[in-house]
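Everything below concerns the one structure shown next.
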Amino acid sequence: MTAKTMLLSCVFAATATHSFAQVADVQQYWTSASESKAMNVIADAFKAKGGTWIDSPSADYDSTIAAATSRIVGGEPPSAVLMTPNGAMLDLAEGGILRSLNDLRDAEGWQASLAPLIYERVTVDDEMVALPLGVHADNWIWYNTAIFDEVGIEEPTTIDELFAAADAIQGAGYTAFAVGGEPWQELYILTDMILSLGGPAYWNEIMVERDDAALQDPLLVTAFEYFRKVSDYVDAGSTGRSWNQTTNMVITQEAAMQFMGDWAKGEFLAAGQTPGKEFGCFLMPSDKPAYAAVTDVFVFPEIDDDEQIAGQDLLARTVMDPEIEVQVAAVKGSVPARTDVDLSGLDICATRGAQALATPGVAVASTYDALPGDLNGQLIDMATQFWTDPDMTAEEGAAALRDVLAD
Amino acid sequence: MARWFQRQMFRPTFTVVAFFAVIAIFFYGSIGWTFLMSLTKSSLMPRYDFVGFEKYADLMDNKRWIVSCINMVVFGALFIVGSLILGSILAIFIDRGIRFEGVFRTIFLYPLAISLIVTGLGWRWLLDPTLGIQAMVRDMGWENFAFDWITEPDRAIYTLVIASVWRSAGLVMIIVLAGLRSVDGDLWKAIRMEKIPQWRAYVQVIFPGMRPVFASCIVLLMSEVIRGYDLIVAMTNGGPGISTEMPAKFAVDFFFSRMNLSLASAASILMLLLSLLMLAPYLYSEFRRRD
Amino acid sequence: MYNISLNKIRKTYGDLTILHSVEMEITEGEFVVILGSSGCGKSTLLNIVAGLDTCDSGQILIGDKDVTDLEPSDRDLSMVFQSYALFPSMTVRRNLSFGMEVARVPKAEREAKVAKVAQLLQIDALLDRKPSQLSGGQRQRVAIGRALVRSTGVCLFDEPLSNLDAKLRTETRVELKKLHNDLGFTMLYVTHDQVEAMTMADRVAVMNKGRVEQFAPPQEIYEKPANLFVASFVGSPEINQIAGHLSGNGSLDIGKTHIDLSGYAFENGTRPAQDAILAVRCEDIKIVPPAAGHITAQLDFVELLGADALAWVLYHGKRLSVRMGVDQARALESEVGLQFDLTKASVFCTKDGHRL
Amino acid sequence: MSSPANAAAMPRVAVVGMYAFLIVSALFFLAPFLVILINSVKPMADIRSGNLLTLPSEITFEPWRIAWSSACTGLDCSGIKPGLWNSILITVPAVVISVLTGALNGYALAQWRSRFADWLMLFILIGLFVPYQAMLYPTVKILSGMGIFRSYTGIIFVHVVYGLPYTTLLFRNFYVGVPDEISRAARMEGASFLRTFWSVILPISTNIIVVVAILQFTGIWNDYLLGLIFAGNDNLPMTVQLTNIVNNSRGAAEPNVNMAAALLAAIPTLIVYFVSGRYFVRGIATGAVKG
C-alpha cells in the first residue's frame, strides 16, 4: 500500500464509524466474464471497506437504462448506474436527477488527476455528475500477425498504406477486412475514416460544435469514398454477423484486420492469444492521430436514503481509487481514466491507448459520447443505409451526414 | 338499495365494471399518458413541455419510420398468409388420422415454448450464407447454390417471414385443427357422395364454414405483427441497413437507447391507430354478424 | 298458496316489442301450457316469470306475493330447461342438492330430500353418475328431479321434451301429467308442440307475436278457437279455410256458391255483412255425391294413415283435407261433394281474424 | 378421432406425398432447435472454426454445466441456477391468478347483456395491440403509488394485468359457447354470480384453462423486461440471467454456453408442452376459438 492509499483508508475508516451502513444498489450491465471480473474488482474493494453491494445486473445498455429510469420514475432509484457520458447522462443531469459530486471532487482533487477530455465528459454545467471506471476507444484496428508476416507487411501508418496492405492481403487469398453486420460497426468504419482524414480538431468541429462550415468540407466526401471502398473487401457473410463472431475471423486467420473498439481484445484473450504475438493492434492510421474515447461511468441518482448516500460516497471513492482503476483496466482491457497511475502492469495495446489518452489534443469523444439525444442513433441509421445501398454516392452520403449533424 | 345490491350479486355487472376499471387504468391510462408524452419533447425522462404535434411531423419525415411501416405491411401480409396456409395444410394432414400424430403435433408446436432470443440466433446461423444452409449445400458439392437472403436488403424481410411462420404456424395449425374437428360429419358424407375432390372440399366448403376460426387466427397473428420485436432483434436487428426495421422495434429503440421518449410515444400512438385500421374489417364483420 | 298472476307484462328490445301487455291468471295446482311457435315470446315470458329476465313494466304475483323484483331463488319456484342444463361437473346427487347447499340446508335434510325425489323418479341408481354418463331420458329425469327436490309448489318447464325421441316423449308426457296429479304443483309449461299442450294442459295459452291469443282449456281451444290464428295454429292437418262473403241473410257466398250458415252459432248472435272465412276441421266434413253437399270439389290425392285416411281435394285452387275411413277413401270418385258439420265449424272475420 | 369422417381412401401417391410433406415440415420446424442443441454440446474450438451446422468433434456437456452454474450474469458467476426458483415462484402464482381472473372476466363478459357489450369487447381487444413497452412508465407510476413497485406482489400483479386482455378474450370466446341455460339453472338454484362461476362454470372449463395456462406459462416464463423492472432484486427471474449470459454485447461470446443456457431455461416450458399438448389440442377444440 502506498502512503496515499493508507491515508485514504483512514478516511474511509473514519466514514465507516458513521452510524449508517453503506449500501450501494448498482444498476449495471457488465455481465460477460471479463466485465464481471472487472466489476468484481470494484465490488470486492467496496465490500472490503465495509459497504454492502446490491447487484442489479441486466444484459445490455438499453435494458439498464430502461430499468434505471423506471426505478427513478417509480421513486426507488438505484444508488449508482453504469452508463456512458452521452446524451442520456446529459438528459438525466439536466433533469436534476443526478447527484452532484463536486463536494467529493474538491475533497479528493479528482479534477487534476483525470485526463482533461474525461473530466470534461463527466461534468455538466460545472457539476461533476459521473465518475469514470475506464476508457475504451473505438478507432482501433486489430490484426492477425501471422497474415501480416505471411504477406510481409507492417502496421500501416497512413490511410493509403492501409488500403495497400488490404490489397496485398486480398491477393494472398485472405479477407482483408472482417466486417460485421451490426449497423454500429458500420458507423465505426465511417468515423475511422473521418478521424483519419480530419484529425481531432476537425472531429471536434463537426461532432462537438457541429459547425456548419466544417460540415461542408469536401473531406467528408473523401471519407465516404473510403468508407465505400472498405466494402470491396468484405466477405459474403457480413450481414447480421455479431462483432465478436467477426473478431473470430481474425483470430482464426480467416481475415486479416477488423475495425473495432478495444473490447475486441477480450475475444483474442479468451481464445488464448497474446497481444503483440498472435494478434496486434494499432489506432486508425493518420498523420493527425486521434483516440476516440468511449468512457464507462457510474452516475449517482439523487437519493434520500442515508445509508445509500453513504454508500454512494464510499462507492465513488472506491471507483476513483488509482489502484482500482488500474486493476479494472487490466481485467477489462480498457485504459484508466486517471493519468496519475502506474501503467507498468498493462499490455501493449492498453499502454498505447493510455499514452494516446494522456497526449494532449489526441483524445476526442467518440460519436457515442459526444452526440446529444439520439443523434448517434441517427448517424448509425445513416451509415448503415449508405453501407447497404451501393447506389448512394459519396456526395449523397456526406449530405446525409450533414443533415443529421447540422442543427 | 339493499335489494339492488342483492340483485347485483347475481349479475356479472360488478365483475365487468371492476375489470373494465383495471383495463381502463392500465391500458387506456397508458395510452393517454403516451399520447400526452407524444406532444412533448421529452427525451429520456418524461417531461411536460408541450410542443403540439411536432413529433408526429418528425415521424413522417423519418425515413426509418416510413420504412418500418412499409415493412410491417409487407411482412404482416406475407406472414399472416404464410402462417394460415402452412398451418391449415398441417392441420388438414394431422386431421386425417396420420400415424405419430402426437410427435408431429409436438414438433409443430414447440417453437412457441422457446425464448425468441435464442431461436432467433439459431435462425440467423442457419440463414448466414457463410455458416448455414448455403455453406452446407456448397460443401456438399453444389458450388453455385445461393441462399443469402438475410444479407440482401431487398430479401432479408423474407427471412423474417420464414422464421415467424415457423414460430406461429403451429398455433394456427392447432386452432384450425380444432375447427376441422368440429365440422359436422354429415358434411363430409355429403362431400363424398357428391364426389367433390378433397382439395375443393376444403377450399370451397369446409374452410368457408370456418370463418370465425380464421378470424381469430388473423387477430392473434396481427397482434404478433404489430408487437413483433424479439425475433427481429435476435435475427437481423433491423438490418441489413434499415431494411427489416418494424414499428415496434422503432418504438422500443427510441424509448431507451435513442432517448427519444416523445418520438417513441408518437410512434406507439400511430401503431395503435394502424392496428385499429388493420382490425377494422374484422370488427366490421363481427359487429354486422351480431346485429 | 301458489297461484300466479301476470299483470300487464311488457318487454321490448330496442324497437322490437317481445311482449305486449300479457295478462294471465293461473290458479294453484293448475297445469298451464303456453303454446306458440318460436319467436312468439313464450320463452321470454317464462324467463320473466322465473326471474331470469326482467320486464319493462307489469307485475308478477306468486301466491299473492309481488315477486317482480325478486331474484329467481326468492320466488319459490323451480325450473326445468330444454337442454336440461345439468351442471356437467357434478354428480347427479350433487346436481339435486346444489340448490339446497347454496341455501345452507343441513346435510341430513338435503340427503333425505334427494333420496325421496330420486325414489319418486326412479333415479336412485344414477345418483353417483355424472350427467355425461346418462342417456337423454335419464338426464330429463334428473332435471325434473332437480326442480322437484326443493319442492316449492311452482314448477316451470321450458320445452323440456323437445330433445327426446318420439317414444320417450310420449312416455314422459304421461309421467309428467301423473306427477302433476300426484304432487298438485302449479305448473307452467312452455312448448311449441300442440300434442303436449292438448294432452297435458288444464288450460292452454296460445301465444302469437307477444300476445296471448286465447287462454282456455285445450278442447275449447281446438273446438272454439278465438281467432283465425288459433284455429290454424292448433290441429293437424291445418284447419280448412274457405274465404267468402258473409251476406246479411246468413249465407257465405263464394262466387255463385252459397253456403247456408244457419246451423252455425254466431257469437252474440249477430252477423253483419262482411268478408269472412269459414274454417272447418277435416273430421267435420262428410263426403257426399257431387252437388249434394255444401260445395263440390275435385279429388287431388289420398293419404292412407293406417287407422284412417285423408283425402285432399281442390276447391277454387285451394287444397282442403277430409278425414274418413280407409275403405271410403279407396272408393272416391274424381269429383266429390263436401258436407260441413256447421255446428263444429268456425267463422272468422277476414279483416282481423276474430271469431264471428 | 379414431376414424375421421373425412378419411376417404387416398391414392397411394397422395399418402406418400402427405407424409413427405409432413416430414419435410417437421425438419423445417426442428432445424433451429437442432442447430441450438448441436452447438450447445460443442467445444468452443469447433465453434471458432465456423462449423455451426456440422456435428461436434466431441460431445461436451461443459457448456451446460457452465450455463447452469458458473456463467457470469453480473457480479455473480453462478449461471442461471439462482433464478430458477424465482422464476417458478413468479410464474406459478401468476399463471394461476391470471387464469382465474381471465376466466372470471371472460365469463362475466359472456354473461353481460348490454348494448355496450360489443364496445367493451373492442375496448379489450385494443388492449391486445398496445405495445407493452409504451406502458412501462405509467405502470411504474401506478405500482409505486400502490407501494408494490419492485416487489414480489408487484411482478405478479403486472403479469396478471398485462395478460388480462388475452386471457379474457380466450375465455370469453369459450364461455360464449357454453349453453346459457347452465348459468340460468344455477341462478334458479339460488347461486350468486360468483358462486355459479366457482362451483358450476370453472369446473367445466378444464380444457380452456389448460390452453390459457400453457400460453400464459410460456409468456410469463420467457418474460425478461417486466421481470427486470418490476420484480426487484430479490425476485429476478431466470430470464434476466439468461439474457445477461446471451446478450452481453461487449464480452467474449460463448455461443455454446448461450445455447445451453437457452435450452436449460426452456426445459420447463418444453415439459409443459409435452405433458399437456394433448389437452392443449382438446382445449382449443372445445371452443377457445369460436367467435
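Some notes on this structure:
Note that the chains are named A, B, C and D in the order they appear, and that numbering of residues resets to 1 at the start of each chain.
As a working rule, a contact is a pair of C-beta atoms (placed from the backbone, for glycine too) under 8 Å apart; a residue touches a chain by one contact, two chains touch by 3 or more.
Computed from a prediction, not measured in an experiment: that's the story for all the values here.
Common partners of chain B and chain C, by the touch rule above, are D. Counting steps between touching chains, the shortest path from chain B to chain D takes 1. Should one ask which of A-D and C-D has more C-beta pairs in contact, the pair is A-D.
Averaging C-alpha coordinates per chain and comparing to chain A, the farthest chain turns out to be C. With each centre defined as the average position of its C-alpha atoms, the distance from chain A to chain D rounds to 38 Å. Centre to centre, using the average C-alpha position, chain C and chain D are separated by 54 Å. Between the Cα centres of chain A and chain B there is a gap of 37 Å. Note on chain placement: the centre of chain A and the centre of chain C lie 89 Å apart, centres being C-alpha means.
Listed for chain C are residues 71-72, each touching two or more other chains. Within chain A, residues 61, 63, 66, 69, 73 each touch two or more of the remaining chains. The multi-chain contact residues of chain B, meaning those touching 2 or more other chains, are 10, 46, 128, 130-131, 255. Which chains touch which is summed up as A-B, A-D, B-C, B-D, C-D. Per the touch definition, chain A reaches chain D in the complex via residues 25, 28-37, 39-40, 43, 53-61, 63, 66-67, 69-71, 73-76, 242, 244-245, 248, 251-252, 254, 261, 263, 266-267, 269-271. Per the touch definition, chain D reaches chain B in the complex via residues 1-8, 10, 18-19, 21-22, 25-26, 28-33, 35-36, 39, 50, 52-53, 101, 104-105, 107-109, 111-112, 118, 120, 122-139, 142, 161-162, 164-165, 168, 173, 187, 192-194, 215, 218, 222, 224, 239, 242-243, 246-247, 255, 258-259, 262-263, 265-266, 269-270, 272-274, 277-278, 280-281, 284-286, 288-291.
Across the complex, chain B meets chain A through its residues 43-47, 63-64, 124, 128-131, 148, 150-153, 156, 235-243, 253-260, 263.
In the complex of the two chains, the chain D residues touching chain A come out as 48-50, 71-77, 136-137, 140-141, 143-144, 149-150, 224-225, 228-229, 233, 240, 243-254.
The touching residues of chain A, when paired with chain B in their complex, are 61-63, 65-66, 69, 72-73, 87-88, 91-92, 95, 97, 181-183, 235-241, 373-374, 377, 381, 384-385, 387-389.
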